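Mind having a look at this structure? Questions to follow.
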């Protein structure tokens, strides 16, 4: 293909009418038309996805005119330069050029590779602001700025070598981190240079990005902002239906450390959603229980604006997942009242660890939400439950979860007591002995108990996941790990006591 | 919302015509209209599900008029008071009020919280009767009234404490049982008192139920009946399509102890059903091979009324899953001829255990179906297979399963021999030594061998589950567990023999 | 049913018009009409699947007339006897009768039970030829003719007995192999005799087949050919949509040894395909990015003929999966350049093992593709990626995969060093000591490290599978296995050193 050919296609496009929806549709900016001239051929999948999007079919000005509950553009003022055309390539990729370290000259424009929540905030200000109160937006720092978790990352990912018969851990590298933990937590995207490439349009220069590609929820963007709206609203269609489907959450919430998707899929909710969702209206805003859907996905309970058949709001839209969650039940040894700040690396437990509770279970004195706030958040969640369930069902369900939080915390405390005794007695080398908490076989057995099995058991309790609280990474594995831990600790003890 | 408001809505509803299907549809009883007046607003999800149901669109009298094969109301006599209106809220929730310990005065009616199979039997007598011959209807007692399995439950769920350096198990509580094993097996639902709640209609009194919510297949209901039709025919739509989809069975048959859903999903059957089921007719009664579906879900092979293109019945509808199953291949150490009674807690093996076979594999003298009955049930199943497969395929398939039953039983016998030797020699403490069979690490390794891996291998063989008989919880893990068991038993032996 | 009845039905069928698509549709051969007379009743599921197929709706002559890109019949010359009628029962089941050891006299015809790729090649010559260059076509021999892997099979499947306190392995039998490894790799199908059966048509004789049923990708057919087109294009609909859906690949690529399906399902690709595929056109040939699909299944990236919106071919159709794969990342201890030949049993590593690399990682001197060929294959794959992604995304993605290949190979080398030291020191008995590499607990821990966890980590890297490279059978389990291995080797060493 030649540049002449592209020009011809571009001309044909212009003559055919500039709206992606055909003649009579909303107008496309001249800049976006320029992008489409080539990219319709160069990256047809991207352009096709965008053409199917709401962005390609509506202008911000039109979107602002919807009634309050139906409105999806929350910013009160849209810059006039953007209000009258559809949201196309240029509208996102050329915004705030100075702020973007990844901006580069491309054809006649200064574009950037990585649109960020700050760009999206131009039209979706409320959502972007809410998201900054979401733990997920801080997922990079919550992992990497917390010394304990950073050590966990290192022990999982770091290469090893044999040194004097022992396994010695070497430093993990950025590529491996990006491929594993940070694929969900988010990488730091940095411009490391520029590269010239031969294209159909001749030689062009592009920035070289470290940490790219990545769609992690706590990504550190070249403009300094955190997160990626495309994590859930996959580019370039940015469909609300995609974010409402459970497969989106399942990308990161599926493994043994947080099997939320699998737990949901095994529940009655998951059964009914999977069976019936092809008949659901997954794009309706607001989302009306009974009319638009009859079984919830993750979004229905945790995030979406949900109304009842009278049009009453059961739950407000939120992009801070924790607005309806009173207790944090995974990601740490102990379940605990939700942190006040999305930045959990600032937590400090009585034993000095950067956690919401000491290893013996004693809670941090500061940084966790109050009982009153817990009650309020629980009420937010239960309002959704009550759209389909009687009060007795809802209360019974939450009483069971509260009980599970207590009993799993007890098992974690007992396991940790065994682990700490092994550290104290020298059977293993823990943080207090200058070692890592995660680099010996026995330590990984302990870690799995809380990171996998206690978490899974709590998630199963929260979402009626049946075997995920029993044999599928649940209480069976939790109890077996406890016995395994005891077995390993005792054996080490016996070996140690021999002369 | 106020009471006045509800009354206004109710009036509007009455004026608009009392049929949920609109004017001209079948009539709704006055009592159900009363329920709907408030609950359309209070629990819109429930009402929407019901409005979409066959219950809301047909009266029992109309349903009785269908031809024999198409009929879904099996009771020969429907009480006149119920025959002429659709099956609404009141029809189910006010039946047999004296029998229901959970009955309470609510508005002008005596309603109960938990409709039971006995209530459903008013219209669906045959299905309810069949279900009582289903092992699942006895799932509570089959677990909790069997001393060996009750001990397994206790060891999985019971909290622990450290006492003198050893792990001491404490009693498991009802809430934990309800959250784990009994979420599928069914809880005992009991009225423990009453509570007053402030509602939109003013203060109202409601029963407080222990063991609630629960949808376990062997639930003990407040009217003394067993099971829950809603386990599979999810309330309040009670759709036959839901029960025919595999996700329903997958709620409980997905974990490593019984990965039937996963095995099916990995099979050609699962592949084709998942790929093509949006084009299937999942509500047709009878269910015609080729026309209504071209790949089977669980229901097609195990339960549903299936006909061929000539209208011949290939398999009769049954709610006793075992009508087409000759050999029980999971849930016990050894595969064995199916029990005669749904109540398996009455089985007695030669070694006195409440099982179909002794720990060494010797079968119980009584209580298992005869070879002739096995042959008959196999024929029932194969009639479905032959709807799509040639005889050679079906015979080859079953020969392979029979072989797998024999070889997995041999591995279980060998593993159990190692375990019993460990018990006898004092390396572990088993039932004969006054201990539990399930509370030590080595015992859990043994348990996993039969409860997870032998079962999975058999299920994979029965349903062509490929890797579930090899690397995915199959023969690899079965063999590795055997070697692990040997490793642990030998090591313990060596340690013991030291002075 | 009687023979008379079948004759009547047959007559009715003939009178009604011989086309499966009704009067005016393409003609059905007389022979196939004869089959349908009975089999419409006897195996309605098969006939219904066929009636829905392209085979039943088109004649080869019509199919040949399509434009080059749309054509699905690649053979340049179709035998005149087959060209003019639809492809029915007889067309496949009576082809090449002399070549088929499974041919038998049935009604008036000589039919065979197992149509083979050689039969399909009559119309689909190119695809059949491509497939013979696919590793999968050699899957039987690649497992069973490789002494090391044959030993793995034996150790996974072979029964055991206790002999003098040790576990002694007995020979695995064909039925168990067919039920496990060979269910995917393919069995050897042999005629072992004939059997007479009573049918609705009177007594008939049928061949008895060993290794049947089976749909393994490397099946050895009764005509000596290898593979089964029905593995992916499930009989008897042979739908291209089925092969393009991921569930087909998932039948064999789902377990811990090769969790490709699960990795894909957890990726953004899997999320979007699962969410949106009901709106995709999965039967379009060629398959146009953006128009027909907006998220890839396995087939889109690895096999299918994919075009862009200009009609340019992004990737040619291939039935050799490796045409777009430069590096083999699973199925062996080390990732390595793809083998030249589909028959990998002929590989020879420097240490004499039938592998692409010695146990210490040193690559075989011959038999692997060159760097230039690797570059070409990578370009084939990237052409598909670039249909939806910018160059920087694609390059970043592949750089990460290359890095993961290196680092996982390093971990495997370290683990193997520990294992080999254990073998040398007598702590375990390996091949050099006349033992198996796979029959001791410690050896299985080593095997899992490379066969499960290193493979899973690489697949996660290749397809953006997030937790499959971290906690879900990824780096966590890989590292933990390394520490477990060290733990077991050290302990054995200590025990050995005691007098």
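Just so it is clear, A, B and C label the chains in written order, and each chain counts residues from 1 on its own.
Note that a contact is a pair of C-beta atoms (placed from the backbone, for glycine too) under 8 Å apart; a residue touches a chain by one contact, two chains touch by 3 or more.
Given the structure is predicted, the values throughout are model-derived calculations rather than measurements.
K.L.:
Quick check of your reading of the touch definition: is the inter-chain graph here a line, ring, star, complete or other?
P.N.:
Per interface graph, the chains form a complete graph.
K.L.:
Over half of interface residue numbers shared between subunit A and subunit C means same, under half means different, so which is it?
P.N.:
Subunit A and subunit C contact each other through largely non-matching residue numbers.
K.L.:
Once you find the CA centre of subunit A and the CA centre of subunit C, what distance in Å lies between them?
P.N.:
34
K.L.:
When you check subunit B against every other chain, which residues touch at least two of them?
P.N.:
Expected reply: 278.
K.L.:
What residues on subunit B touch subunit A, complex-wise?
P.N.:
1, 40-41, 43-49, 52, 113, 155-157, 159-162, 165-167, 173, 175-176, 178-181, 183-184, 197, 206-209, 212-213, 215, 234, 237, 241-242, 245, 247-248, 250-252, 254-257, 278, 439-441, 444, 451-452, 495
K.L.:
Please give the residue numbers of subunit C that touch subunit A in the complex, ascending.
P.N.:
265-268, 270-272, 274-276, 278, 289-291, 294, 308-310, 312, 386-393, 396-397, 399-400, 403-404, 407, 410-411, 414, 417-418, 460-461, 464, 466-472, 474-476, 479-480, 482-484, 486-487, 490, 494
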